[in-house]
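The structures come next, written out as structure tokens.
The two complexes that follow have subunit A in common; it is paired with subunit B in the first and with subunit C in the second.
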Partner chain A sequence: MNQISEAIGFNLIVISPTVALVITALILLFFTITIETKMIVKKVITFSGILVTLFCVFLKFGLFSQNGVSSYFTQKILLDEFSLFGNVLIGLILFLNFIPIWGTSYELNEKTSEAIILILMSASGFFLMVDAENLIMLFIGLEIGSISLYALAGLNRRDKLSNEASLKYFLLGSLASCIFIYGVALVYVSYSLMSVYDFALAIAYTGPDLIPLTTFIGVLLIFVGLLFKIAAAPFQSWAPDVYQGSPTGYVGYMASVAKAASFIVIARICMVSIRFILEDFEPFFFAVIFLSVLVGSFFASIQTDLKRLIAYSGVVQSGFILSGITSGVNGTSSSMFYLFAYILQLIGIFTIFSIISGKLSSNFEMDNMKGLMKNNRFLAISFCVFMLGLAGIPLTSGFVSKFILLTNLWAYEKYFLVSILLLSTVVGFYFYLKPIWIATIEKVDEPIETLLIKKSEYLLIAFLASLTILFGLLPNTLINISRWVVQNYL
Partner chain B sequence: MTEILLFAIPALLIILGALIVVFAKNPVHNAMGLVLTLTSLAIVYITLNATFVAMVQMLVYAGAVMTLFLFVIMMIGVDKPDQSKESIKGQSLLISGTLIILVAIVLFVILENGLNWDLFFPESENIIDGTPSLIAGVMFTSWVLPFEIISILLIVATTAALALAYEFKKSDSND
Partner chain C sequence: MIGLTYSFVLIPFVSTIFIFLIPKKRAELFRPLTIFLSLIPLGLCLYIFLNQNLKTSFNVVDKFSWISAYGINLTFGLSGMSFLLITLNCLLVLLSILSLNENHGLSKGFLGSLMLLQASVNGVFLAGDLISLFIFFEALLIPMYFLMGIWGGENRRYATIKFILFTVFGSIFILAGTIYTGVLSYLSSGSFALDFETISSLSFTSSQSKILFLLFTFGFLIKVPIFPLHTWLPDAHVEAPTAGSILLAGVLLKVGAYGILRVSIPFFTEGFIEYQFLIAILSVIGIIYGAIVAIVQIDIKKLIAYSSISHMGFVMLGISAGRFLSLEGAVIQMINHGITSGALFMLVGFIYDRRHTRRISDFGGLKQSMPIYAGVFLFTSFASIGLPGLNGFVGEFMILMGSFPTFQFLSSIAAFGVVLAAIYMLWAYQRMFNGKLIHEENKEIHDLNSKELAAVAPLLLLMLFIGIYPSFIESYVLQDVSVIYESINNILGES
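Entry: the complex of A and B
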């Protein structure tokens, strides 16, 4: 027995975050279908499960310091800097989103436990996805995560937009998964292996001239599947509808977790698997970045619904992060910084939206923001901080991340790309400042209802806003972390 | 001779089943035609030494998928008149175009190489066994983690389907 588990590289610590989340979800499921349990008990179970998950991520750091970059379960699970960074990111997203997620699920009444179970399971899937060395493992993780998100989008059955969002997300997402798995099959056809590390060795062994065409098509299709998840143009069409239709309290989690996991995987594939043939994919990535920035900026400028606006701004931000990842080591490290800063702002913004518009609501017109300054000064100011952070105004983390990214791109002599990204930043000022104008300066005549905010929500928003400013003033820690992620490839 | 017979009879049954699927008016007959095709295909797999695939074919397609089809037919009802109107514009044109291209490719291959049976049945030196024991040997050692993780996927799918489909009657009356 021991010999077998040794031979296959069995290690419980390396999959412990997933296991912890799944066990928490199963306990919740058990309580839901058997014993009548109070909500507070379920809340305690969920929260302690998330804390245990964070502790498991901490344990993985111990394993890493002991073994270094290593693979387990006969090359299925990988432990490297990318996977650790991804683990921290997803654990953090789950932890920070706990308050809006619980509030939203609580309002769903009879479906509270199901919603929480789906969220925990989706996080476990994305943990597996960032850990995966084998492409099949990656696919299974992606599917576990995505299927839960499809259902989360449509949990509010009484809202037609929510149903539409769920169906659209499901159909388009399944199509993207099909394309992804077809790409995996083509890669397998060319080298009969599916490990992201061995893939690079096989390419190096073959030599750049003799690489079969199926490899290129396969890798391209894998990228299409992943780019769909991060909503980069031309695969962005689902994002605005899904963001708009889904229950507002869930959107922060849904948007950030899928993006974080997919970006980590794309970064690993670019840095490790195809590092010898990355130049061949440059036209493809350039087209994607160019289209993302163009389409995102244009459509974000003409939106009246704030959730749709954030969705299109997400398309632009995806273009930014992608431009760093696909250009080299320093670019990837600055993209990791960007990703971290962006996700904090995204969670903050959607928490504010869920407070103002109600957690289950779908539409969120820009006029809802009117009079926010009179109503609640704290919310208005933190909203401004997050929006300015997304726009990239100095003194926020958004400025630092854009600055580092663009200087790195300049060093790679990608002048055209830099000028496009700079132009889109200028356009961005327009659509990011418009909601701020409406929220703070524009006059309102009607009387305003006072907003009900819990103390925990105050605490969360204050924490996220202060982090946004802190990383803008003292970015050194985060820069060091993002450089540590790529240290092996310098 | 036995080899050709073992191939020819299931092959003819496959085509017969496919024709029934296309031409039968009654939906239940269509479904039964599909069962015939899938089962005969399983026999072909066995002759190709792929016993595991044959079993999966029987279990998944002839078993699970066909049951699903019959459920759908049961719920919709058999006596609905069949709609001959095309739902997507230019559907029949597209399909016939694809068919013509497919036939052209097959004809091209035959004309290029002659009617060469080796092309359809390539002589293989090392026969790979697709036996369940061989697959189990891999699945429970090096692929054990993905195999176990798929169970999580099943739980997620079930929970998601339940959460979406299940609705209390009381909340419906509020609309």
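Entry: the complex of A and C
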């Protein structure tokens, strides 16, 4: 028995974060169906489940230091730097979003456990996705994660926009999944392989000139499926509607977790699988980046709804991150830094939105920010920090990430790309400063309702804002971590 | 002394936190505390002045590792020129706080923004590498955004956004230049080191030097501002509160010229020689255009804003000529313009607080009701025009003398700028102060009180002092200028 398990690479630690989350979800489900339990008990169960998950991620580091880069379960699950970075990122997203998620779910009353279970399941799926070596495994992880997110978007049944968001997300997301799985099939047709590592070997074996056309199309379709998840143009059309319609408290989680996992997977495919033929995909990626920056910047400047604005700004940021990932090793490392910094800002912004507009609300007009400075100085200042971080002003992590990303791109001699990205930051200043103006400067006449903020929310926002500034002043540690992720390919 | 340089950034920054910590109930404490806190950097200036030899070129004092993986450090240092500009900045911040009206003086946010502005402008002048120069260059937008946005005039939204977008548009060129320099530095030394020492040791090809010069200079010229890129300045000045205007004209415009002197010319000299004529033409157009447009202004603040364009044109003419005398004159004119235009904006602020108007036609005969104010205004106008014996004369004279051998035709035209300056300043003076008191409201208006006089008096003394004894300032800028001059001379000698 032992030998068999060793032969197939059976190792529970590798998938322990996924398992821990699924078990937590099942325990919650059990309590919800059978015994009537108090909210606080469920909260403790959920929170300790998340903590156990984080501990499992820690255990994986121990395994990595023993075995190094290794694959398990007959080449289904992979343990490498990307998967560890992805695990940390997703674990962190789950942990940091716990407060807004719980607050939102609490307001749903009878559906609290439903929402929490959905979130835990989706996180487990995304854990699986970043760990997957086999493309089918990747697809399973992506689907487990995404389907829970579709349901999460429509959880506020009485809200029309929420229903719309859910349906739209589901239909377009399924289409993207179809495209993805079709790409996997085409790749399988050409090489009879599923593993991302073997794929690279096969390409190296045949040589870049003799690669069948089906491989190109297959990889292209895989990318389309993944680019849909990160809302890169021209696959961005779902993002603004879904961000706007979904309950505000969940958007921070939904946006960040899908992006984090997909970017990690894209980075791994670019870095490992198609490493030798990456140049052939350059026109495709260039078109995607160019369109993302253009479409995102243009539409973000004309939005009046803040959630839509952040969605379109996310399209621009995706273009930025993608430009690093698709250009080489150093570019990928700077993109990892960018991704980390961006996700912290995203979570912070949506936590603030959920406090101001109500956790279950859907659309969030910019005018709702009026008088924030008078109402709550702390929220206003941290909102400015996050927005300026997204805009990339010096002294925030946004500047450092843009600076090192553009430096690397310039070193790869992509001058045209750098100029486009630089110009987009000017437009970015225009649309990021608009909400800041309304929140801090615009005068209000009518009396403002005071906002109710819990201490934990204060703590979370203060933590995220100070991290945004800290990584802007002392970026050394995070940059070293992001270089560690790609150390094998340097 | 270690820590000496960055404390110019740190002290105002910590002061801001102090100011925000005082409870709102004790509003009467805000201003005295801020005045006290802004005396500290000024005291530090005095300490450095007494204890250190500042008549040197740029010396690196402090160094931090910022991104060790890329070999990028944050470097701070001092030279004679940057010391003068820092002192000017600290002085103008102190005086603008002294000159605040009750409305602004009681606001934490306003005082805090001023201190933050001081910190970031100091940072620009202290920067010993491109990246920290860029960081502070952009960081000063944040306090300026709030100063103009919250406490500005009617049309402040348009003016603020325009100011920010113009500056950011310029700064992406500086960022591109910084990145390009970093990559070139990487190709030659293996790290992205961006400090001035490393850059000056790099050898650029002629085309690289030209591209880099254009990238950096374009970004800095927007900030100066030079002729077709100047349109943000009048809007920003008119809408900014008085203290914001003082600092905008007094030090923020100098940031651009400082950047050209510190970065563009010494490192990318070949590019400078290629494009110096273009810059000179634009500066002369700016001198004449600014002066002519100033003549027809009906708003006194806008008039001074356009006169700033004209005066900064002189600075850029002196820089572009690249002669020793003209460069020296340009630096001295930078300091002088900071003092004079700061004083002018302060004076306009005083009268605006009383009458809530800045239209020249709303005044007239003010000399009878405000004799001291009229005297101070006339004195400052004379300094601005460039009357011999006052500071404005020194700089403009040196610039015109120095640039004549290089651009004979252009500097002859530029000399008309001095005449035009006399027209717009004196005509405005005449319309505001001479004649009969036509408007009822102007009769009851009270003269400068002792507090306001105290705020403006140091500037008046400086105008006189520099006018009589200019070699005091000259001795500080000597070394900086000779470094720049030598780099130009080396290239000219080679070709």
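In the analysis below, the second predicted complex is superposed on the first by the 490 of 490 C-alpha atoms of A that agree within 3 Å, B and C clash if a C-alpha of one lies under 4 Å from a C-alpha of the other, contacts with A are read in each partner's own complex, and residues count from 1 in each chain.
Please note the rule applied: a contact is a pair of C-beta atoms (placed from the backbone, for glycine too) under 8 Å apart; a residue touches a chain by one contact, two chains touch by 3 or more.
Please read these numbers as outputs of a predicted model, since none were measured by experiment.
In the superposed model, A:476 makes contact with subunit C only, not with subunit B.
By the document's definition of touching, neither partner reaches A:315: not subunit B, not subunit C. By the document's definition of touching, of the two partners only subunit C reaches A:388; subunit B does not.
Of the two partner chains placed by superposition, only subunit C is touched by A:403; subunit B is not. Judged by the touch definition given at the top, the superposed model places A:121 against subunit B, while subunit C stays out of reach.
Of the two partner chains placed by the overlay, only subunit C lies in contact with A:422; subunit B stays clear of it.
In the superposition on chain A, contact of A:129 is made with neither subunit B nor subunit C.
Between subunit B and subunit C, it is B that contacts the larger number of residues in subunit A. Within the superposed three-chain model, A:440 lies in touch with subunit C and out of touch with subunit B [touch as defined at top]. For the contact definition in use here, the subunit B contact set and the subunit C contact set of subunit A share no residue. Residue ranges of subunit A in contact with subunit B, taken from their complex: 4, 7-8, 15, 22, 25-26, 29, 73-74, 76-77, 109-111, 114-115, 117-118, 121-122, 124-125, 128, 134, 136-137, 140-141, 143-144, 147-148, 150-151, 154-155, 157-158, 166. Residues of subunit C touching subunit A in their complex: 65-70, 131, 134-136, 138-139, 141-142, 145-146, 149-150, 157, 160-161, 164-165, 168-169, 172, 175-176, 179-180, 182-183, 186, 192. Contact residues of subunit A toward subunit C in the complex are 388, 393-395, 399-400, 403-404, 406-407, 410-411, 418-419, 422-423, 425-426, 429-430, 433, 437, 440-441, 474-476, 479-480, 483.
Taken in their complex, subunit B has these residues touching subunit A: 141-146, 149-150, 152-153, 155-157, 159-164, 166-168, 171, 175.
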